[in-house]
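Quick notes on the structure that follows.
Note that the chains are named A, B, C, D and E in the order they appear, and that numbering of residues resets to 1 at the start of each chain.
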């Protein structure tokens, strides 16, 4: 796994990028760099990479199993040849400057030779005290590695705790114990550093009111995740620590340690806790149904991410999770039952309520750890008052020190998708300190030569992944394997735990070799996500990658039939039979390739588009920006200041000038995309450009969608009819242009969520709360006596924005909550505005006179445009017409259609800073694709049998891409490099002369046989 | 090209009802091109017959084979190894093919599975139209390349009847009046004057009126 | 029958516009024109008037001739002085190009060479009288030519904003007809009712009036025109129609076809601009029933 | 004078000829033929006997013609190429002639699709033009179509139909020329309602001098009702019924429509009389034979000249 | 009689319907386990013969699930698939089988609910129809290849 070290220097004389921190962010950054064929060293102070995410049970909003989602990335990490991983290593010194740093690394002794360790577990079994275990809740952990798919897959010894070294050595049959292992120090040259160390989670033991760390049945969110996790201490069974009983009533308390002013609290919002609490509650309800009552105590429900509001609605309406808007005062443990009484006050009731629960989960947020504080010192970067990295106002991945970049939670609290975006952005930035890759550099050879299996009888290996609980919890995997073994051609049938973990992959490889298998069936999750991974596995053992069939036992079986295990079992048997029958007919196939276009097309010339274009162009990529407006700038042109007070106009102008001056960028304004063809890496897009609408075609390998969104202007609350009802965007201008008018205002009312979080546009627009705070503070600055009322539903000033919310409150801005069924009314009489609303605290209706009503209207997708582009580019969209990324969690920048990348508000509403980050990320992701230099067209192409062809022209006529033609021999010919592989010709050929490789008729019929024969 | 279309399946079922083992023979020529009797249609028909026997609770054994051409004895010879294993032959070729097979394997009942329709040209994917009657005495040279025998409902040789409306034939607005087409084409070619040449009563013998047609090329025939 | 002959005989003329490549690869041009033979009377080739540097109309016109297609080239005075204009026209005649359209060039600032120097030696009227002069055998300096070139010049009318503008444009056109313009090409039509008035107004000048039909390609393009060129009177209904269509491209072609069909009754010809989708011209002609 | 045909004699005399038609019954009742023929007796110069009109089986025109002949009237035997090949045609022609039928009309016939035997195979061995030519050669050259000599040639006065309204219009005059070339003696046209178009056609005919080579009898049909007019406009192939005709009929009450129809027919005849080249009228009163005498009288075509 | 559990084959295109099925899984939406999916790159690949063979081999119902009309990743594969499904329906009718045993459905990749609903509805339909006519007689059929 670590043997890449030797080859890496030979391959490239370039300096490396040092990535510090092996969580999802660090892994993403490292993989992006490696995929862009940049050498990278990933260090982590722990003995295995994976970070926090590996400890989670499920991720929101898809409720996927975390391990399943992240593990492909982990083992991919081990395989990338440009990537070296050094666990148990930290940075102790950084000298030099961007492009030429010298980094001193210290690696702690592991006392185990990772090359020899087979992770058999004997040492842990016999010397449990000496083998490092997962921290936190985990004295009862069944395994002493952090999680089953650990990378590297090896143990680690705490030698200080070893009493009898000889005995320990004896236990290890692999002779992997290195008793005299010592700390080692290395100094390496690096060009840039990416810091993604994440943050620690707040330890609630310091609080005296919630009993964290004191009461058995009060756990933190992470501990709850561990309890629920199949790899956790209870193998996924929900139990109380006190009595092992399954709780009947669980409560979540939000903002524990966050958004507070008390001892131990931090003032900022941790950004993720609302979502994870909702997720935990939903998963609980999902698993145990009505048996468990779930309640969440919260102040503001901050579901501000893409489609998160829908998730919240589902939790409340479908999963019937009880939501109580309150910050509980305290928790008291009942001595005999160990149940917990929560005391809280309701908004509209003066009296305190008390309610008993079986278990309480404290939603704790992020804190910067002591190690990290030191690391900031070593790196020499500035930090903010809470010890998070201080970053550039318009580029959150830039630290105060050139050449050092950050991503993830250490920049500010954030969730996984945002971490992934920042990671890709940071990787893209880190590349700028490296020289541009010479265009003629050779591609890497990855795999050994293929074994010829033609003519051999099938020897099939069936490997079923239990996927922790996901499959094994529903199916009897062993019984399944027994059935598989009855097929005469099945030589091996085994269960492989987490099949996609490095360990299992290595196991499968070994079994293929040992048993001389020539066909493989994997029973696990969807081939959509995992087929490539197992195809690579086959290639590593010298088998053609098309000799594997993936049987979807999880997404299409255990997940949908979890409540009827018998049915799931019998369906699994059949699906496996289909796979086995099908794989017998699989043939070795050759992938076709074409050279890739090294141009990029950026659609949209706003801040996002320009940023992405500059990034690409700087890497020597010819970039076209297509913008329909007469000039660049987009929506940012109408924004004056950011909440941090930065001048947006100056920034945008700077970008425009840089773009205009760049040799590698061609700007096409007044341009409309009208047609599109080709394939990822070789696109051709037609554009009408200029006042005369001249037509031109652009060849490009990748496309970045940065089409932005539209400022919403719903005809509500008198917008458009009353002159003094304006939007925050208009207020933003007013503040710069007409201070006198601001000063003349006695009372200003702001209304939040206008046109958002409503049935016709159910999502949160994310930016409006901070926009309101920004403008409220500016009004106060210009005119301290102006009274400001903010009518809100939930204040969503996530992360450090919370500070501005607090500041506004301190300055006397009044916040009055409203609900959808009691929404405010704006009344205009004789040019005088009044706002009527209900005050929940007073429990009465009130009227506020207003000189100006400012509506926080947010952003909506430009339906017409996204639809037009989606049709041309064949891209999916969300229900509210934004573009839909490939995977909301792990691939927030990539589109499902390869070669398309998404950034900025075309993805979802976001701030300029966030848009810029995603722009960098998109550019970085685009580079990983372009770095491949050639397009793999796959092997799924139509093939004509000239002996059968009747030259009937049916294929010529039905092909949607005009590929087949009748050649000089008088028979149909389909060029593999042009064929898109849809199989329409094969479906219509009256002579059955055409077969679609990988989906040949006999393969499909064999699958049907597999389904019905037994 | 000869065009054909599959017979109603019930008719086919009736033909083969008495038999248990069927040799289903396709042809890779015209009937493949017009999607009536190629390999694919053979497969579909076999499957349909299986479905039928399943419903009837009977057993049927169908051997599918598609010959390069059923109207050539050499290709038809390829059936020899299978003929004894079949109780009946179901041919998806045009009438020429069916007869060639029936002529070669005299002991086996041979049934047609398609109706041979006409000599047609392809107008596009999945559309064929009659273009030639095989009259044996081609007049296309004087009718602007449009055949009045095949394309006029009344085979009129001297011009349109009085039933043309809006340029379409009286039998259906979907059918072009052949003579309207001929006239337009003659005009486009500047051959308007050719129209008034009287076309004499046709000699129908070469097209079959003189008994079954036969061509013998002395230089080629053995 | 030639374009010129059709103009005089009163037959309906069909013109198709074809852009030249920015570069020297004329394969698309040649391929596309092959499908138009015997379907259009002449191919209109814009020159640099679009503001984008590309292969000149003179050369492309000669290519059309080689392909057996009659060319009609744009002539504008922005980039060439009278020396260059005259010599190019003599060259045009020699290359078999006799149909001209005198057009006003786009502003340079919107083009791809905004820094280029603008010549503007002759205006439209000046060019028309220059053409007349050449055809009578004299150049602008009064020297006699050896052999007289022959041309059929026309003019293109810019978009009409309103009634007043219409009257002004008609007056201008009258002057240009007096200076030798033999036909009038109108801007693209999206609103037939308003357009009929325009056609009628120009028809009163007694030269053939040829409206243009513009192939929209998708909603984005239609929207762009409706926002940036309100004078086009491209309606919301039309945008909605494209948006609702199952096959938007086919719908756009159908719209162009319908427009042509409708104009057939009220004008003397039609100019079709497919703007780069020249390979769809046959489909448009089919749709229009031409 | 080529034949003994009464029609030929009338036309030769320069008088306007009048013919009408009689559809044979769908059954073996001779009295039906007689009844119909008797209605027309004094008012026409020849009675067309249709041949399986609209592709419905009827008594053969040959047999019905004999019945009429035996009444002492002058049948015009229609013959379509749809139902007979050239052998059957020629044998019928000499047979008819043997019974004294000396005038005939050569047609291609409605397509079998419209009739009561749509599954029938249309023969169409020869077309109407070829039939004209065949009959002419039988008469003038005394040879069968196959070339053999006829012993006792049928001296038929040969007619054919012309539809001035079917398209392509420009072909209509040429088609007439073709029939003339083939040897036709007289033409009965399709029912004329669009007089402007008929005039245009006739102008084409006279411009080419064709009126001097053939006698043209203009087809007249009285409209019984507006329903009939609409039906003919929409359903009958090759018909040209201007909207004005329908409007005019709509303008009067249902009871008055038959009278209006007859009035219109008479007006048409009056107008067509003025057209150069028209030598007579062929009045087709579909299932309304009893009105023919009235029309003939009102149009000033009565009494018929004696020849 | 034992409760009839039909055997149903769904040919799903990779881009839309198969993804929708995965989506149904990740949203934990349940649908009858009777439905077994066979993945194809595009429904345009699904030959009429595949549908017939599935019935022949023992399926009680077969459906083809492709992208929404107009959204096919290969332009019009789903339209072609629909035509083939219609043809098979015709053949079944002629044979006296219920044409409802085959169907074409369309959905986008994001429509996990629609996938589940479709599976549910189709299963209901087939349950109402009862076992395939080919199974009623209990007389197995040797399929010659």
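Just so we're on the same page, a residue touches a chain if its C-beta (ideal position, glycine included) is under 8 Å from a C-beta of that chain, and two chains touch if they have at least 3 such contacts.
This is a predicted model, so every value here is computed, not measured.
The count of contacting C-beta pairs peaks for the chain pair A-E. Taking the mean of each chain's C-alpha atoms as its centre, the chain lying closest to the overall protein C-alpha centroid is E. Rounded to whole angstrom, the centroid-to-centroid distance between chain B and chain E, based on C-alpha atoms, equals 35 Å.
Taking each chain's centre as the mean of its C-alpha atoms, chain A lies 88 Å from chain D. Our note on geometry: chain D versus chain E, Cα centroid distance of 64 Å, whole angstroms.
With centres set at the average Cα position, the gap from chain B to chain D is 40 Å.
Shown for chain E are the residues in touch with two or more other chains, namely 47, 49, 53, 70. Among the residues of chain D, none is found touching two or more other chains. Among all residues of chain A, those that touch two or more other chains are 871, 958. By the touch criterion stated above, chain C contacts chain A in their complex at residues 19, 22, 50-52, 106-107, 110-112, 217-221, 223-224, 228, 243, 248, 275-277.
Residues of chain B touching chain A in their complex: 28-29, 32-33, 35, 38-41, 43, 66, 122, 124-125.
Residues 8-10, 40, 43-44, 47-48, 50-64 of chain B are the ones touching chain E in the complex. Contact residues of chain E toward chain B in the complex are 47-49, 52-53, 55-56, 91-92, 94-97, 132-139, 141-144. On chain A, the positions that touch chain E within their shared complex are 62-64, 286, 526-528, 552, 554-557, 559-564, 567-568, 570-571, 574-575, 578, 871, 874, 876, 878-879, 884, 896, 940, 958, 960-961, 980-984, 986-988, 996, 999, 1001, 1004-1005, 1007-1009, 1011-1012.
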